[in-house]
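Labels for the chains are A, B, C and D, by order of writing; each one numbers its residues from 1.
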Amino acid sequence: MALLEVRDLRVSFDTDDGTVYAVQGMSFSVGAGQTLGIVGESGSGKSVTTQAIMGLAPGAKISGEAVLDGADLISMSEDELQRIRGRKVSLIFQDPLTSLHPLYRVGHQIAEVMETHGKVARKEAIRRAVDLLGRVGIPEPDKRVRDYPHQFSGGMRQRVMIAMALAYEPMLIIADEPTTALDVTVQAQILELLGRMQQDFGTAVILITHDLGVVADVADDVVIMYGGRPMERADVRSVFVEPHHPYTQGLLESIPSYSGRTGRLKPIQGYPPSLMRMIEQCPFAPRCAQVRDACRVAPPPLKPVGSSPGHLSACVLDANRVGLASEPDEAGRAVGAAEER
Amino acid sequence: MSAMRADELEIVEEEDPELNEQQFESRTPWRLAWRRLKKDRVAMVSLGFIVLLILVSLFAPLLTALIGHGPNAQYTTKGLSLSGIPVGPGHNGFLLGTDDQGRDVLSRIIYGSRISLEVGIGATFLALFLGVVVGLFAGYYGGFLDSVLGRFMDILLSFPILLLAIAIVARFGPSLGLLIFVISLFSWPYIGRLVRGQVISLREREFVEAARALGASDLRIMFVEIAPNLIALAVIYATLLIPVNIVTEATLSFLGLGVQPPTASWGNMIAEAQTGDLFTVAWWFLVFPCVALVLTTLAFNLLGDGLRDALDPRYGRSHISAARKVRRAFRLRRTLPEPEPVEAKA
Amino acid sequence: MTVAGGGATSRAEGTDELLLDVDDVVKHFPVSGGALDRSHAAVKAVDGVSFSLRAGETLGLVGESGCGKSTLARLVTALHPVTSGHVRFKGQDITSLNRRQLRPLRRSMQMVFQDPYGSLNPRRRVGSILSDPFSVHEHLSRAEVRRRVQELMARVGLSPEHYNRFPSEFSGGQRQRIGIARSLALRPSLIVCDEPVSALDVSIQAQILNLLEDLQAEFMLTYIFIAHDLSVVRHVSNRIAVMYLGKLVETGPTEEIYLSSRHPYTASLLSAVPVADRAFRSERRERIILTGDVPSPVDPPSGCRFHPRCPKAQALCAVQEPVLERKPGDFDGHLTACHFPVVAGEALANASRQTTAVSGSGPAEAVNP
Amino acid sequence: MIRLIVRRLLYLVIVLVIITFLTYVVFFAGNPNNLAARFAGRDAGPAEIRDAAIRLGLNHGFWYQYWHYLVGLLHGNFGLDFQNAVSINSEIARAFPVTASLVVGSVILWLLIGIPIGIMSATHPRTLRDRASTTFALTFLSVPNFVLGLLLLLVFYYYLTRAGLSWFPAAGYVPLTQSPVQWLVHMILPWISLALIQAAIYTRLIRGSLLDVLGEDFIRTARAKGLSRRTVIYKHGVRAALTPVITQLGIDIGTLLAGAFVTEKVFGLTGLGQLALNAIGNEDLPVVAAVVVLAASFIVIMNTVVDILYAVLDPRVRLA
């Protein structure tokens, strides 16, 4: 039984310059206490997905469903969503400095969550804030609770954000690039803390990141996004050990390997698609080395592949073909190129 | 090796066909701004009004000749009733009526527009020139020069501006040149401070560092790299400063310290109308100059507002668009910049 | 150095010619609060760094934010004056030259910047930006400049017809190609790349790394490659220098550093990087999680600057600053600034648990993933 | 904090020296004998002119007079009026309450109008309400002060009075201590004419500032915490958006206290502005200098108050 089940989510924005089709048919699910990694490059729609679900994307046109604990978040009113946010679902953002209010004490900002949702008295809320700050590893929490965000270092601020997210013991934490603005050594601290808190509180986590390494480290399941669509979905091991989608494969191959020099890198050629128009084909087709005619007909749906259950890929290629065929299909490319003229 | 290159090239070329075909010729910053401005109907109407006003003031002698009434001619018989009351709008061929001395209000308004535009635009350009030059040098060089120039601007800004303008004009006698000089003297520090701030942030941008790494001289960096990035700001603030300066001129004229009668200026027309209670029965010679003044300043303000949105959305944000929010949401700040030395100084 | 083509073989191991010699350079930025405030605090951005570089090699400069690596890059390219110390380029001391004297040197020393958006002037056309090197240094006809610019654009993988476009009409990866083209224009011998790929997406990053590699082979370039991404640095560098709070803590051949790092900071830095393909291999390395944050460079810790966070710190470390020197058993050129260098097989994670009480600035965790 | 105040005071002294110096230069640029001749009267002979010059202190050189003036200032004494030979201190004491009444009343009024409209407009961007408030703001932004004043007088005084409703007086000032009701009645039109234009400026200012703040990450955090819209806008948004408003308010109050020339002239209020205008007309150097000094002091003092307020409101400034 999934805690959050998102089906066919579509998000678009009307802008001065036209419509931005940010997310197209996104589906995923998170089990209670599990960690889902959503991975994608900039503009792939990974942040918009969760912000739209939580009603935090101003001006977004949203369709599809996102069932949390039996209730659909997409059809909820703003008031209903307000009661979910911070209570059942908390969010952590990329830049802890700009994400904390500069003019209020951190204790106040944490206590606010409890006061809003739990009708907890101020004094009690502050006492609990001190407790939380201690649990997320902030030394001398009884003193620091009275400090302002600018008096903390980057890593400590992110700890404050985590404490705030945990304040009402939510079922789900959505962490949107929580360590991107931090140094590697601090990132390691924060990821470790997030994992420990998840165990302590039994919270599920959606971790949004561009860093495959982070996902490999902490996620149970992974969704790879590209051009606003899910490309591949599987448990973390399957994604890294037997990636199916050519995009996932390309992504993994383009990372300079830690395990030593592998010679020349194999980049994915070309650039990501523009989201200013509806993409009526596989969004990866223009860059795909194994492109087929079928790729240009319609965006392929997610379908089961590989040996492990729950491994889904949105690719027209056959499960057993892929992974072996890394040589480009010259014929397919030529046809595709001709069609485009 | 060469095959690799050709391959990369090909990919880059076909990367976004839309970009190649449709958007290519129209995506220069100025074209983009113009396209946005064209969509703004209010701004376009204002622009039309301003163009018309400029034409009117350029061809003032021709227009008044067509009307048949000079701006200073007193039509004591035709223009005033027997009891000395000015003629109302539309009577005896006076489209907007006459004033207390029997002069044609319309002709005077037409000539008044010359003063307003001369002073408004003249003082603004002078202020712009001073402000940009001082701001550019202070911001670019920083250090001692910046302290001195910055302090100087601060002190000028803590002057009771209107009072000193009044004192200077009163002392040296009003003249158009002095008026332009005094008005720009007290308005350039605003632009100077703005430009300085902008230059300080531009100076730290990597493209300036890149120019320096190439061995470009300071002057080249200031005028080739930085100055083009100030144009949008300068255009916006010039448009917003013009109405302010027009009002300052009118105010000084109203206080009797600007353009001296009988030369018509909207300010002294209003002042003349206000002395004595004649305007209570002959409202037109008070109200029409006021309307001309208000419409002109309104047009410049509306245009400035539109320009601000069109040229650099960051300054105005009067139409905060979802597009910008989306772009924000999409943008990744993945870089870990080291603390800039200048920030450390601050 | 005549090896063409891609692959690891194209990476030059360097020649014997000493291209750059950095000798004990120091850069302090004064911190002051206004005209009447004359405090004497300074950001000690770079505090006594020495290294040298042979023609054709790639030196990877690694460190976390605020460690001074970008400042060091600007000292080497004479964009900032040094507070003290010397930088010799091709035998000439460039720290004492004025701007005019430096100008001819600029031809052979260039920089590629981090931010593909900030490094190109948004109000100028790409053709104009790329003709800068020629208009500053050479007097060529318009047609000749145009020809050379288009040649450059083609070389870095851009379409020469896009000569008249503005930077906003290019994607991040394309802009970084423009930045590389600009640095390449005058055929320099040294290019300092300041985090050239850290603002790019992974798939684009690989394109740019390959391009840099090809250009190095073709034009016999020497690189100083600054990055915080250790995998990227490992991929491109022959040698690595690790910086912490304005100082070099360890330097040596790339594989030496990665396989047998001696400084506890290097070791923890390496272990902290989450790496996709490592997570699913049998030999899982222990992860060392350091405590606390990087201290302020205004008031760095005494002795060894790493000691408050170091899992191996002892009383001596707080008192005496370690010298960057070759440790017994290391290869020539592998230098470490540590009193108690890591020995092979040592478990630092356990050490960090024991020293929690000593460092006392937060919980120290050691996890074995 | 103390260092800030000391630095500001030092700054004030520098500004005052420069300003008084400039004022003296401006008025001495002509021939001081002309001044004496004017004050001596139309038919005065050379001896009388010399007498006048001695009486006005004009026989001394520029530096002497200037120094004398500065010393007087240090004793809190603005000296004597050329025209009537009365103490300027007492003239200022008479004029200041008029200007203060005008400023205090209109500040309250324009904040009451400007802040709510600005907030409404920022929280409903691109709606009809926003357009309406933008129209309001840009219209009054474009109306010169004296035009609005005169039109108000025309409608509310002349036309109403002619219609038999003499609700508003034409001009003049009645001290608050004399008759609070009359004071209020006399001040209403001046307040409105000053406040409407200022309110327009503040509407724009607050709208822009609040829109910026509402786009900040910490607002998204506040919403993500499940706070109500009201809490997010007022507690998290408006609080942070106030900074530029406070700066502007400080400058405006300082500048207006120095004399709201136009409004005072239109409504016949004998405040500092009128005092200065008359003095300029009469080339009454000590009075002009006195008002200029007062004006600059108000501006610098208000700037100091703003800086202190900043520190109180923003912990980043206070604890830096």
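Here is the rule we go by: a contact is a pair of C-beta atoms (placed from the backbone, for glycine too) under 8 Å apart; a residue touches a chain by one contact, two chains touch by 3 or more.
Because the structure is a prediction, the values reported are computed rather than measured.
Overall, the chain located most centrally, as judged by its C-alpha mean against the mean of all protein C-alpha atoms, is B.
Farthest from chain C, judged by the mean position of CA atoms in each chain, is D.
Separating the centre of chain B from that of chain C, both taken as means of CA atoms, is a distance of 47 Å. With centres set at the average Cα position, the gap from chain A to chain C is 30 Å.
For this pair, chain B with chain D, the centres built from the Cα atoms lie 24 Å apart. Of all residues in chain D, none touches two or more other chains. Residue positions of chain C touching 2 or more other chains, listed in rising order: 6, 64-65, 171, 174, 207, 228. Among the residues of chain B, those in touch with two or more other chains are 8, 12, 15, 19, 319, 325, 334, 336.
Considering their complex, residues 14-15, 18-19, 22-23, 26-27, 29-30, 125-126, 134, 138-139, 141-147, 150-151, 154, 158-159, 162, 207-208, 211-212, 215, 255, 258-259, 261-262, 265-266, 276-277, 280-281, 283, 288, 291-292, 295-296, 299-300, 303 of chain D touch chain B. Contact residues on chain C toward chain A in their complex (touch as defined above): 6-8, 64-65, 171, 173-174, 201-207, 209-210, 213, 228, 230-232, 234-236, 255, 268-269, 271-281, 287, 289-291, 293-294, 360-363, 365, 367, 369. Looking at the complex, you find that chain C touches chain B at residues 4-6, 29-32, 35, 43, 45, 64-71, 74, 77, 79-80, 99, 102-103, 106-107, 109-111, 113-115, 118-124, 129, 132-133, 136-137, 154-155, 157-159, 165-166, 168-169, 171, 174, 179, 182-183, 186, 195, 198-199, 207, 211, 214, 218, 228, 297-298.
Interface residues of chain A facing chain D in the complex, by the touch rule stated above, are 54, 56, 78, 82-87, 90-91, 93, 95, 98-103, 112-113, 116-117, 148, 150-151, 161, 164. Here chain B touches chain C in the complex through residues 1, 4-5, 8-9, 12-13, 15, 19, 23-24, 27-29, 147, 205-207, 209-217, 220, 224-225, 228-229, 231, 334-339, 341, 344-345, going by the rule given at the top.
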